[in-house]
Structures are given as C-alpha cells and as structure tokens.
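First chain written, first letter: the chains are A, B and C, and each begins at residue 1.
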Amino acid sequence: MLKYLFAKNEDIPPGTTAIFFGFSSIIWFVIGTGIGSFNAAKLAFPDFVTGYEYFAFGKMRQVHVLAVILGWISMAFAMAMTYITPALGNTRLWSEKLGVWNVLIWNVGLSLALTLLWMGISSGREYSDIIWPIDLAIIFGVLFPLGANVWMTIVTRRTQGIYTTNWFFGTGIFMVIIVFLVGNSPEFFNLTGLSEAYMTWWFAHNVLGLWITPVAAAIAYYTVPKVTGNPLYSHRIGHLHFWSVVIFYSTPAAHHLMSAPLPEWLKSFASVEGVLILVPAIAFVSNLLLTMTGKWHMFVENVEIKFTITGVLLAIPLNMQGGFQQTRAINWYIHGTGWIVAHAHLALLGFSTFLEGAAVYYGIQTLLRRKLYSLTLANFHFWFLLIGFCTYWISMTIAGLIQGAGKIYEVPYIDVVIAEHPYMIARWVGGTMVFTGNVVWLYNMWMTARVGTEIPVGRLPHELAYER
Amino acid sequence: MAFREYKIGARMFGAALGGSMMITLYFPTSDIVLVGSTEWGLQKALSYGRIGGFSYEDPLMRGEGKPVTVTLDKDPATNQPIDPIHAYVYPPGVPFPSAINHPRTAGKVVAELSTTKGRINEADHQKGAVFVVAHAEAGGEVTAYIENASVTRNWNPQQVLDAAGDENSAYVGSGKIMFVREGCWWCHTLLPEQTQDWQVFGVPPRLGDFNSESPTAFGSDRKAPDLLHVGSRNSSKEWMMMHFFNPRLVQPHSIMPRFDYLWGKNDANGKPIDFDQWRAEYTKYAAGERVYPPEVPDYAPKSDIRYLMDFVLSLK
Amino acid sequence: MGWRFDAPLVSLTDDAQNKAAKELWARESLGGIKEDNNRLPRPVIWLLALTILTAFLITAPLWGQRPQAAIYQEYVALMDDPQVQSIADPNGKVEYIVNAVKSKGSKYEALQERHPVEWDDLMLIKDQVIELERKGVDLEEYTIIGPWVTLANFEGEKKPDGSTIRKQPHWDKGYTIDVFYVIYFCVAVVIAVKRLPEFSWVPTHAGH
C-alpha cells in the first residue's frame, strides 16, 4: 500500500482503493464482533475478566458499536462505492491516489478515535460519542474525500444516465456529511437540554436512515441485476424508493425519545413518519424480489445472491418492527428494553451486513480477477452469521419482552436481571458464532487473493464454477 | 450531468432534505428553547458546570474544571446562621454553564430575574463566583432563578469552600464526568418513562428540567435500574461504597461490573490498597471458604469514586 | 483518468431503443404510475395506501396510559355515599362503587377496568382529587403515581391562557404536518417519475 501513496495517479492499478477498503472492512468486522462477543460474555458472567479498568463493560460497549458502524459497515460501503460507481459509469475511479490516502487516514483515524473512546473520553452522546475534534476529522478527512471521489466519478462517467445505485451512493455520502455536521452541533456549539438529547437521536436516526439503510440497499440494486443477469425490475419503483428515503426516512428522529418530555406534536409527527418508512421498504423489497424472477435457483447456488437476498428478506421484519414499535401504542411496552437491542442488530447485523458481505465477496473477486477460494468456507460463514444472528435476535427479543413485562408490572428490577440470564448466555453464544464466522471469512478472502483461480479476461466471477 | 432532469432532481432533493430538516430541527428546537427552566433544572445546571463530557477544560475527563456543590447552614461572610442552602462554588478559572453565559437558555422569565435580581451578568469566571438558587414572584407564580451570591451576598469561592468543609462539599459536576466516562449510562438510564415505571423509579422529568445540561445522557438500553431519582430511594453511603467496589457484596445476582479501580492507588489514610489480596479474599468468600467478605477500603477525599458517589447521591 | 468537463457523454442505448422509449414516455399518464414500462405493481400501490392509512390510525395513544385521575373521579364522589359507609368490608365497598358506576355508565369504563383500585388506594387519593376538583382543573391531565396525584409531563399544545395541555393528543399540529407531508411526497414522486429522461428499455423477463 505504501508504494501507492506517493505514486502518480495513473500508475495505481484501478481497484486498488476498493481492495484495501475491502480487506480493512473485513478486519474491522472481525475486531468489532470480537469485542461484541467479549461484551456479551461480560453481561452473562459479570466477573469474567474483572479488575482491569480497560476491560470494563462501560468502556468497551461503545467501541464495539462504532468499530462495527465506522469500521465494518462504512468501510464496506466505501469499498462498494469505489468499485461499483466506476463500473456503472464505465470509467475509472476519479482518483485512486485520493482513495488510497482515504483508506490510510480512515484506518489510522478510526484506531485513534476508538482508542480514545476505550479510555472513556467521549461526548456522552450515544452513537455520536466520538469527541468533536475527531468528528471534524471524520467529516473533512474521511467522508469528504470519499464523497469527492464518488461524486467526481459520477460526473466523469462515460454512460448516459445515472443508475439507481449511484443515486443512492452520491446522495448517501452527501447526507451523511450533513448528518455529521448538524448532528454534532450540540458539541460544536454546546447546545444543551432537550435540544441536545433530540439532536443526539436525530444523528443516530439519520446515520441509519440516510447512510446505512439506503447505501446498503444501493448495493443490492447492483449485485442482484449484475449477478443474475436480470435487469432491475422497475426504474420507477427505484424512484419511489429513493424519494421516500429522502422524505420519510429523514423525519422520524423523535420516535427514539417517545418517553422523554419532548413536545407531543413532534412525537405525533415522528411516529406517523415512522410508520411511513415502510414505503421505501416496500419499494426496495418488491423491486429486488421481482428482479429475481426466473433466477431463484441462484439463491441456493450462488454466494453473492444468497447473501444479498437474505439481507433483502431480513428487511421485511426489520421494517415491520421499525415501523410499528415506535408508535405510542406499542413503544411504551418495549422502549429501552432488549427488544430494541435485538432490533438494532437486525438492522446492522441482519439486513445491512448481509448486503455488504455480498458486495465485498463480489468486489474482491472481480477486482483481483480471482475466483472465490472456497464455497464451503463461504457457506460456513453464511450459516454462522445467520444462525448466530438469529440466536442473538430471538434471545434478545424474548429478553426485551421480559423486561417490558417487568417494567409494566413493576417487578423488582433484580428479578428481571435473573430472568434474563439465560438469554444473555444465548446472546453471547450467538455473538461468538458471528465472530467465528468472520474469522473464517477473513481466511477465505485472504486465500482467494493468494491462490484463487484466475478469472480469464472477459469473464465475470460468477460465471466460473466453484472449485472447493 | 448533461440532463436537465438531473438538475431538477438535484433541486428536488435539496428541497426535500431542506424541508425535512426545517420540520425536524427548526420547528421543535424553536419550541424547546422557549421553555423556562424549573428549579431542578437550575440546580442541575449549576452543579454540573459547563459540560458533562469531553471539553477543553477537561480533555482527559478527570473531572477537572467543574464546580463544587456545598451545603451551608451559616452565612460565610457574616457567620450568621441561615436556613440550610445549596451553594454552587466556581473557583477562579472554572467555566460557567450556559445558564450563566447565555441566560436566555434558561427561559425568558428566569433569564430576566437572574440578570435583574440575581445579577449573574456581573459574574466573571476568571475571578470565580458562587451561585445559589433563589425564588421570586413573577406573573403570579413563584419562579426559581439564579442568584450571583458573590455580588448579592459578598461570598467569595474560597471562603465558602472553607466554611462548608469537606464533609459538606459534593463534587457533583466531576461525578457526572465519571458517570459518562465509566459508561454507567449504557445500562442505567436517567429517564423514568412517562407511561409506566413511575412507582419504582420516581417521577419522570419535565421539559424544563434539562435546560443548560449537556449531555443529558438519558441512555437507551436499560439493563439496570433507572437512576434519575436514586438518591431519594437509597442514600446510604456505605451501601453505595460496597456496591461500587463489588456489586455482588450487596446484590448476589447483580451483573454490574466491579468499579474497585475507581478507588485509585491509596485509601483514605493514604495507605496503598492491595487489590490482589482483596480479590483473592473475596474469591474465597464467594466460594464459601470465608464467613465474612473482606472490608471495603475507605476512599480518598479526592478520588474518582468520591466524585461518582457525590453525583449519584445528588440524584434526588 | 483526469477530470473532463467537456467530455461528451456516451450513450449505450441505440436510436431505435430511444425512439421506442420516447413514444412510450409520451403516451403514459400519471407519470407512469398507472402505465406500463413496468408500472408500479398494483399490490405495491395497495400496500402503500394501506401503510399510509395505518400510519395515521395506529399512532394515536391507544394503550399504555398511566391511570388518569379523571377515571377515579366518579369513585371518589361515591366514597361518602351512606350506602358505601354502611358496608364494613373494604372490598365490599369498592365492589359496590364499581358496580354503581358501571350501571350508570361511564366515559372511562374501559380505563377503569384496566386500572382496578382497592379501598386503600382510593383513601390515599381521595383528598387530592377533591382538592383538584375544587380548583376546577382538568383531571385528565393528572396521573396517579403511588399515593400522589401529579400533573403529567406530557408537553401538548398551548391552551389559550398560555399553559400546556398535559395529555397525549389524538390530533395536533404534528398530524397536520404529516398530512401535508404525505401529499407533498405523492405529488413529488408523480412529478419525478413523469420527468424521467426518455432513455430506457422495456425489460421483458417478467412477462410484460
């Protein structure tokens, strides 16, 4: 990598940025889920690794969350953007050199940010816990260079139209910059009180709604048509999806604070909008599943489609939960319980991880011109992710319902803790399965890069048979 | 970008996102800033100081640059007995909360009383100041406002700290930093919910209870009891000490981590604390080989645990 | 690959395809939402309509309310009734009151059933409820927390006198903005879809 940092842009092979982003994202995924599994063990067995300040749950929880969001998910997005955008524009990435620097600064900066968080140096605001000097560094040193590359690649494309995926990529990176700038304003300007609390959740909501959800969906808009060979079912449903994300997904931030003393009108507004996030969800899921027409055998046979369609299918429970759990009629029961934790993992580990996983699998094979090393290991990865995730999701949902009942019937809190214990163990088992699957994945991708069968010129990776 | 349609699309996108931000940011915040601070809101603002997380006065989050909350039963300037009162002491250089720097954040009526009657605009953080919460009638209702006791009562910070003594001083602001730094709020929420859990966790807060507080650290994932009113449920220092040192001493089923490391190296008498020995003895006790658990050491007067306990006990 | 502003964009679509797409585009109504070129499938439109309807219906505060002081107002009024005084057993007293209120018919019948009380509870809140009645406040804005009758912390809209309504709303300006917003969205999407550039192909794999 170092040799490319000071090379001329023309001398850097196309795809270099994406490959580095791809491998960085897998490594961060291993780190993030490893910490997650460790944290889960501490919730199940509180005296597991005790007496060290830096292995306390309160110091590690946010490291898990942000390693996964900014390391795994966002870097996998960057990987997808830096190879899909040029591919759809029939061109090269605008600047590979900027891209290589972007990878370096991102990795170094994220390590620094997470180290500080691990020391407890935080703004005390969930999801935007990174302190404001580093927020600024993320905006201008990480997100903006990525945005510049994506936007300029779209501008210098050599095709006529802009494909759906690229609408989402171009606006997703723009919106996440806005969200970081505005969402962190309480730290920049010391805003206080309920404004601060509301802005915290405005940030948290929109980082999911305007970055993770649409960009993950955009990846599916690419992988499914590309790998199956079917054209996207409908350009118009794509439009419906795009505009409903911008209009409906950007508004329900207040539904995270349904039990705080926010103005009631804001809650009314937000929870109607919250149900309307089903509009983009319906558009996205129907468009992708209809694109699969006639190619459903690939759901079983092909790794990338298996991952993508699993992600698309998980969007159904995700949005059904997300749409309804925030209404006044339901939120009072499950607010602040493990149900929400389960839902958050459904969004990030279920829905979006499977879509990004497909992009990284497909991208690394395409860019390195090497066929996947082992189908068996990929299937192992898939099933460990899926079963591990389901174990986690189901156990935390049950734990959440127990907590909800405990809350409503005013059971002494310690009884809730005791009742939750088996589910905490199940959560740890599920998380550990995910971690194990990811270690195998890293090995599989490494071996793909080293010894995968070379793909002949003019062929695509999914056209070759799996060998192992 | 040759297509006219893309220009239209880009403008529509701008209008859509702008409209959304107008409704979700401008409308609600312009409602929220109109709300006047309650008495509790003022107390919290004055006791927490400028900021409860990372800040330039406290970049390593050690609890520096925060005010001290003291309880007084006699006037430090005149030595006359007075009704017990909380005073918020800002030694020279400690930055003021936004309720002092920008009085309007406390609401219009409170801001006016605080400047005209309370004279907070005469406070200077370079010289330090002492504030108290006072009451006055405005518009037929009794309203709490901030009084700059350095001017109105001629109290200076050092004098007040000396008069109160260590036992009547609470490092509530520094404790909030500990609360954020140690991640207490990942499990303990600070928000009893509107609908159901009032009887156990107490009255849910009002909009005006938070003016000038940042971060509010409500927490979202309640794995442990809500703490907003913990000080009125349990104000036993001994129980808290044991619970922080090793929660399993007082609650065998607790899943809270041990916070023994907050005691630092030395105990109240300056003697080094032998954590390894303590843990070994506790392990024996937990295994049933000892009848009594080892004694929890007293904490030093300026230790992280002191700050944290002062904060938790201030949550009434 | 440098940055070229003047580079002509190259189309992968040929003239015949463009012509066919243009004709299709010119013919369609309602921005193609009703038309072919892979119109929005009818089930999708139904689902969208259902979603919008549900969004408004389910958002009202249906469950999860803390008992309001108002639902016990009728109980408290009956507590000094000679009939009740004559019953010695506290459970009997409550039973009598509940039956009396039920037979008269109450606005709060469902809430009363959901939040049953005992005689001791009623004794605790009795004086506070009577005091509040005397003040003439809206008892629906007060909730029962253990032994206290407290003003709820809901931040509703402002009353004419400037004070805040302390109830969860069934309609307020939030819903009004929502109505406007949904219309805005539908109009915007129809226009956006109608303004699609006339390059396209007609996918055939779905059989139409």
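Everything that follows uses one rule, which is that a contact is a pair of C-beta atoms (placed from the backbone, for glycine too) under 8 Å apart; a residue touches a chain by one contact, two chains touch by 3 or more.
What you are looking at is a predicted structure, and each value in this text was computed from that prediction instead of being measured.
A.B. asks: For this structure, I'd like the pair of chains sharing the most C-beta contacts.
C.D. replies: A-B
A.B. asks: Which chain is most remote from chain C in terms of Cα centres?
C.D. replies: B
A.B. asks: Distance from the CA centroid of chain A to that of chain B, rounded to the nearest Å?
C.D. replies: The computed centroid separation for chain A versus chain B comes out at 34 Å.
A.B. asks: Let me have the rounded angstrom distance from the C-alpha centre of chain B over to the C-alpha centre of chain C, please.
C.D. replies: Each chain's C-alpha centroid was found; their separation is 35 Å.
A.B. asks: How many angstrom lie between the centres of chain A and chain C, each centre taken as the mean Cα position?
C.D. replies: 30
A.B. asks: In chain A, which residues are in touch with two or more of the other chains?
C.D. replies: Each of 155, 161, 243, 247, 251, 261-263, 266, 269-270, 332 in chain A touches at least two other chains.
A.B. asks: Where in chain C do residues touch two or more other chains at once?
C.D. replies: Chain C, residues with two or more chain partners: 9, 64, 153-155, 177, 181, 184, 188, 192, 196-197.
A.B. asks: Hey, what residues on chain B touch two or more of the other chains?
C.D. replies: 3, 12, 16, 23, 194-196, 199, 204-207, in rising order.
A.B. asks: Flag every residue of chain C that touches chain B in the complex, lowest number first.
C.D. replies: Going through chain C, the ones touching chain B are 9, 64-66, 143, 145-146, 150, 152-155, 177, 181, 184, 188, 191-192, 195-197.
A.B. asks: Can you check the complex and tell me which residues of chain A touch chain C?
C.D. replies: Per the touch definition, chain A meets chain C at residues 90-94, 152, 155-161, 230-237, 239-240, 243-244, 247-248, 251, 261-276, 278-279, 282-283, 286, 290, 293-294, 323-324, 327-329, 331-333.
A.B. asks: So in the complex, the part of chain B that touches chain C is made up of which residues?
C.D. replies: 2-3, 5, 8-9, 12, 16, 19, 23, 194-196, 198-199, 203-207
A.B. asks: Where on chain A does chain B make contact in their complex?
C.D. replies: 42-44, 46-47, 50-53, 56-59, 61-62, 119-126, 131-132, 155, 161-162, 171, 175, 178, 182, 186-187, 190-200, 202, 243, 246-247, 250-251, 253-254, 256-257, 259-263, 266, 269-270, 332, 335-338, 340-341, 403, 407-408, 410, 412-414, 417-418, 424
A.B. asks: If you look only at chain C, which of its residues touch chain A in the complex?
C.D. replies: Residue list for chain C touching chain A: 1, 3-4, 7, 9-13, 32-33, 37-41, 43-44, 47-48, 51-52, 54-56, 58-64, 153-157, 165, 168-169, 171-175, 177-178, 181-182, 184-185, 188-189, 192-193, 196-197, 199-201, 203, 205-206.
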